[in-house]
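Okay, here's the structure, questions in a sec.
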Amino acid sequence: MGLKRFIISRIITMFVVLFVVAVINFIIFQVLPFTVLGIDPKTWFVPAGGTRSDVYLDKIRQEVIHNLGLDLPLQERFFQYIYAMFTFNFGYNVGGALDGPVADTILRFAPYTILLLGASTVASFIISIYLGIFSAHKRGKTFDKVSLITLLFFYAMPSFWIGSLLLLFFAFGLKWSPPNAESYFSGLTGLDFVYALLKAFLLPFFSLTLISVGGFYLIMRSSAIDIITEDYILMARAKGLKTRKILFKHVQKNSILPILTVFAISLGFVLSGAIITETIFGWPGLGYWSFVAIDTLDFPFEQAFFFIISLMVLVANFIADILYGIVDPRVRTSW
Amino acid sequence: MSTRILDVENLRMYYKTKEGYVKAVDNVSFKIEKGDFLGIAGESASGKTSLAMTILKLLPPNAEIKSGRILIDGIDITNMKESELRDIRWTKISLVPQGSMNALNPVFTIGGQIVEGIVEHKIMSKKDAWKRAEELLELVGIDKARVKSYPHELSGGMKQRVAIAMALSNNPDVVLLDEPTTALDVIVQANIMNLLRDLQAKLKMTMILITHDLSIIADLCNKVIIYYAGKIAEMGDSLSVYTKPLHPYTQGLLASFPNIRAKRQKLSYIPGTPPNLVNPPKGCRFHPRCPFAFERCRIEEPQLREIEPGHFVACHLY
Amino acid sequence: MSETIVSCKGLKKYFPLRRGFLSTLFSRENLYVRAVDGVDLEVRKNEIMGLIGESGCGKTTLGKTIVRLLDPTEGSILFKGEDISKLPQNKLIKYRTKIQFIFQDPYESVNPRYTIFDIVSEGLRINKLASKEDIENRVYTALKDVRLEPPESFYDLYPHEVSGGQRQRVAIARALVLNPEFIVADEPVSMLDVSIRAEVLNVMLDLKDKYGISFLFISHDLATAKHICDRIAVMYLGKIVEIASSEELVDKPLHPYTQALIAAIPVPDPRAPKVTVKAKGEIPSAINPPKGCRFHPRCPFAFERCRIEEPQLREIEPGHFVACHLY
Amino acid sequence: MTGLGIIIFFSLLAIFAPYITWNDPNTTFVANPWAVPEWATVFPPYQGLPPNLELTSSNIATWNNQIASHSLVTTSIGTDQIPNSLVSISRYSSDQVSDKYLEINASLPATIFPQSVVILNSSTTFNYNYKPPYNFYFGVFVFPVKVVNVTDFYFQFMLKNPSGKVYKLTNYLIMATSPQETISYNNGLSLNKWDAVALNTILPDVNVAALGPSGAGIPNTGLIYLNETGQYTFTLQLVAVTSFNPGFLSVKISNPYFFVLGRAYGLMGTDFEGKDLWSQFVYGSRISMEVGILAGVLSVLLGAFLGLFAGFFEGILSEVTMRITDIILVIPFLPLAIVFVTVITQNGFLAQSIYFWIIILFAVLSWPGVTRVIRSQVLSLKQRGYIEAARVLGARNMYILRRHLLPNVMGLVYANLALSVPGFILTEAALDFLFPGVSETPTWGRMLSMAYEHAASATYYGYGWWWFIFPGIAIVILSLSFVMLGYALDEIFNPRLRGR
């Protein structure tokens, strides 16, 4: 079909899916609470700050209601909503925890999440690839058993538990790290800020890495086990190649394929883990703020967050497909 | 004066399984000389592939070599460490594995895969190795421009040729071919057979061909081993084994092979099924299926003996 | 000349190429795998008809289409003069017992959870053809007919407890129990060891002699087919290129493809002439088959006409049909 | 199979929760807050921590009551004995409160000058061989049968430690002050009724965070009074005072107690309010199992049905089903669940059955995974010879579905069930962690949430590890055993893995 054709058709598919996601968003944030459950928007949106005046409160409510189009009939509101979503015009924060346009807040906090997620994903990828392949190679031996049991344990560990344990031990116990990231580095500037940021970054980073490494490792190990029994690995051995070369050239390039797909699919779950991890450590990324926003019923922020997560999952899937093609020449021809 | 290139003595290789030891290679001895084309014929699960893998020492973890020696060009590889074997493989002995379709790694170019086998043994520089890869492709009848192709871009027959080219890359003393034509269509198979015949004539290679198809061996090989249930039943020059089969198993197998040039006839078969290699029958392993079996066959295991010059058989009838 | 039991005329089976939802939306032309592309074939009463071809030539598809496991795209299938090609599934049931199919893989074609008695009697139970005692009698006879003796000792065995050859005979008994008149056997012995193949093939010959059942024997193995079949049809890329009695086809092949096929088959005799290759290249894709004669790109004798005009199957000698411009 | 064993173990916990716990999970102060598990006292840092201790015998008859002869009349001139005949102590058994009680009868002659006093000393000794507790409490049951012309009537508790130092544990506890013939007493004590005089060194509603050794403010009396090991003497002193008029006193006392709130308690210790963590843990298993298994069953049933359907009948409807799975798989699960819980809890009525809605949400969001697996299995099964063979034999769709496909898919269904449960257990726990206030029911997630919330103060108490470790380990072990079970079933039923 050709790469261009493939990309175009994938982008169209993405738009279709994104549209459906927007519709679901609309149902969750606008139809379900106000129309189905019959909640009155006027009492719904209570800004958190109690010091604000009644006039201001009314103003906010008016603004919110207008912003969400809750004063419009459902069908008009729907089109307005869809238009707003696809033009990235997400409205204004309500609820008192955050101020200003939603798009601005998202742009402000996204870097924290990207830093955290990016670093921990890279780390868990590298660890799981090496451990997984080596485990498959030593299948049934002590090394394999120990790493399998350990990583299965990490795999089943709730993210909030890993988080609290790390917090308890390293922040409260050994006092190596601050218990709350945001309050630790907010207000600092320059190198002080960078230093504080890194210090506060370590715990959430470890936490998130531990959460994701188990799943990746299991997939990596089982796909490497499959690959190791393939004839071309036998052939590589027959050629007299060094074990290291067989494992980290022949096995690795083939067994990395499933993990790419799985990563793209599980990105949603990784983001879920990020919500909890960020919340626990007070890491001021999108996950943390999305939880705060839920608490303060900041729906404009929340629906934008949803929309963007879905978009990211779709884009990740798309990138994974492209990467898949780069790694595996067989896939390229099927485009 | 011919030189001995491979010498297998009293080789025993068992797989350890939950049910017990699978006696896939049980007291096997044979030798081949330089320039021989040996065919090893056996039915499925007779252990013929295990024999090949034992000779290469490419065995799964549950395999145990119980006894015997394997000498390649006079070098005993039986107790060699993996690191030492690495130097033997691909320079002294190379393999064209079963199902060569899968023998090529789909994510690397065929040229790259040929080159890595040359460069690993430090035989020549990477640049020269690429040249060599092109030569090898031409040798097996593939356009050298395909050197950067990926395996999936080639047909089954071409992949088989690449696998053969790869096995030849370091001029090994022995090439082991494990069912090289099994999944191929007849015309492609004939192509590959002709290629092998030509290569053998041209390069004076020593080759071992393992197959279930007696007619391919008849067509290509000058020596043949008939393998049954982990043991050699009969061994000798092809002409002598095919024209005067001694072992009842060889006789039955040859009779059940349809010959397209023969008159139309009812085909015969060997009754019963091949034995389970965990608990093979006592005495001669073929006795439950043998029409000539007598008391001694049930008790005593027949030894491989030279009945005629160069023609060995393991049967109490002789 | 004996009467025809099954014949197909102009039979076609195309598989639409599965593509993404969007690419179907964007491109008008539909791509098909032309697995069977206009086949005329007759199977006579009490004969074993061989259908020979390389992998991917459409021989299995043809077999499955004849028993209506697949719905034909075009053309007719006549069973004893009646067209069954367009019958809806519910009307087809009447013919199910008359036309049976034996699958290639004896490991896959029987449900591993069923006992041999259940497997063999399944057809009778589905079609409610017999009473309980009757079922047992018929299963007994069928197992005896396929030389699984004593039959009752096999009743309670599971498929994995018997050998491959026995399993394939169970599959034959399952078809036989319904008293079929025509059986399509799709490579019934290709998964079995050579030493036991004849055991299964001889059962087929017995059934032909004893019950007058006709067979369509699908195989890639011309050497076996020569000894088993009365007549042989050679298939290439969805088309029949030659039909003749088995001895004539092997001894005096007319079509260059048949000639190439025979020359390529090795013989278990070191004194015999070595195999030769009389066809260039490999079998092309069935999505875009070559124009004109489909064999022409590989044919050593191809000339201009072969590239343009598709040859029709014609009777060159009595009972010997060939589709080639050379004749 | 260990997996199955663990699942059965937790199921039994959930089912028999009321029979294997000793406290309601929401009862506070079953032991001292932050009590370690009792078995932990074998480890050095916790050696000698007191468990919950009833240090004295509640049978007052066994106490040393003879000292009650210290009955005195004080005059301005000096001290004269009241004739012993006027004061008696008798022991009786059997009454509605206690089977052993002490009755004191005293006739008090009129005095000219100020008062006559009757003092009863009842004492007992006990050995205390633990580290000091943070808290203890003590008390006695009293029954004032008849009290005439008594101006003051009070109890006093005293403790003599092994070094001989005497602490007055309480000031005089004044029961009555008015010289009437019949007195109605303050503090709930009244005539003709058994009443408890219960005293804690510290009342339960004090600032718990300040309980610890470094906690400022209120002294932890246990650390002061019970800081030695050895023999203590605990004395209960009853004092009655009359003036001018002849008085009469008749009191029964029974069931004295001296109780140490343990710093080591039960199987899993206590939380920051002294709630029994073992019973929270056991009751918590109910929600985890319930949500995990029910959501699993629902989603797998739905998924399997749709997968079977979409695999067997290829057509528009199955195509639509598969596109729906594509979309649902894009939706982020946990954020949606968070929003959902928030929305639900806004509605008081729906919030009551929050776990029901969570189960429904889980099922609705997670069937697509199962559908995909089952569908691809059905698609591959359809290619099997025996399915085609059944068709050749004349079998119709329903027959093939029922007799050939369903039995072959069931194994995969069970395996998927087992594999989907841990996800639900984890997500449910995460929701409880994020929204601990949603329900009063104790759950593992909620336990961890509370532990996390009090992590800062936990540092004083061995980091409260028992509060963090057990629910977390339980979640991991239970999830893992479902995973193991799933893999085991997968291996048994999945023909691809089983091989031939």
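Think of it as A, B, C and D in the order they're written, each chain with its own count starting at 1.
Going forward, contacts are C-beta pairs under 8 Å (C-beta built on N, C-alpha and C of every residue); 3 or more make two chains touch, one makes a residue touch a chain.
These numbers were taken from a predicted model, which means no experiment stands behind them.
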item	value
Remotest chain, subunit B as reference, centres from CA atoms	D
Central chain of the complex, centres being mean CA coordinates	A
Pair exhibiting more inter-chain C-beta contacts, A-B or A-D	A-D
Chain centre separation in whole Å, for subunit B relative to subunit A (CA means)	53
Interchain centroid distance [CA atoms averaged], subunit B/subunit D, Å	72
Chain centre separation (subunit A, subunit D; CA means) in Å	37
Euclidean distance of C-alpha centroids - subunit B vs subunit C, Å	33
Subunit C residues counted as touching two or more neighbouring chains	none
Complex interface listing, subunit D residues touching subunit A	326-327, 329-336, 338-340, 342-343, 346-347, 350, 422, 426, 429-430, 433-434, 445, 448-449, 451-452, 455-456, 458-459, 463-465, 468, 471-472, 475-477, 479-480, 483
Partner subunit B, residues of subunit A touching it in the complex	140, 230-232, 234-243, 245, 250, 253-254, 327-330, 333
Touch list for subunit C against partner subunit D, complex	64, 67, 69, 89, 93, 96-97, 99-101, 103-105, 107-113, 122-123, 126-127, 160, 171, 174-175, 178
Complex contacts: residues of subunit A adjacent to subunit D	17, 20-21, 24, 28-29, 32-33, 37, 39, 44, 152-153, 155-161, 163-165, 167-169, 172-173, 179, 265, 268-269, 271-272, 275-276, 279-280, 290-291, 294-295, 297, 302, 305-306, 309-310, 313-314
Touch list for subunit D against partner subunit C, complex	384-386, 388-396, 399, 404, 407-408, 495, 500
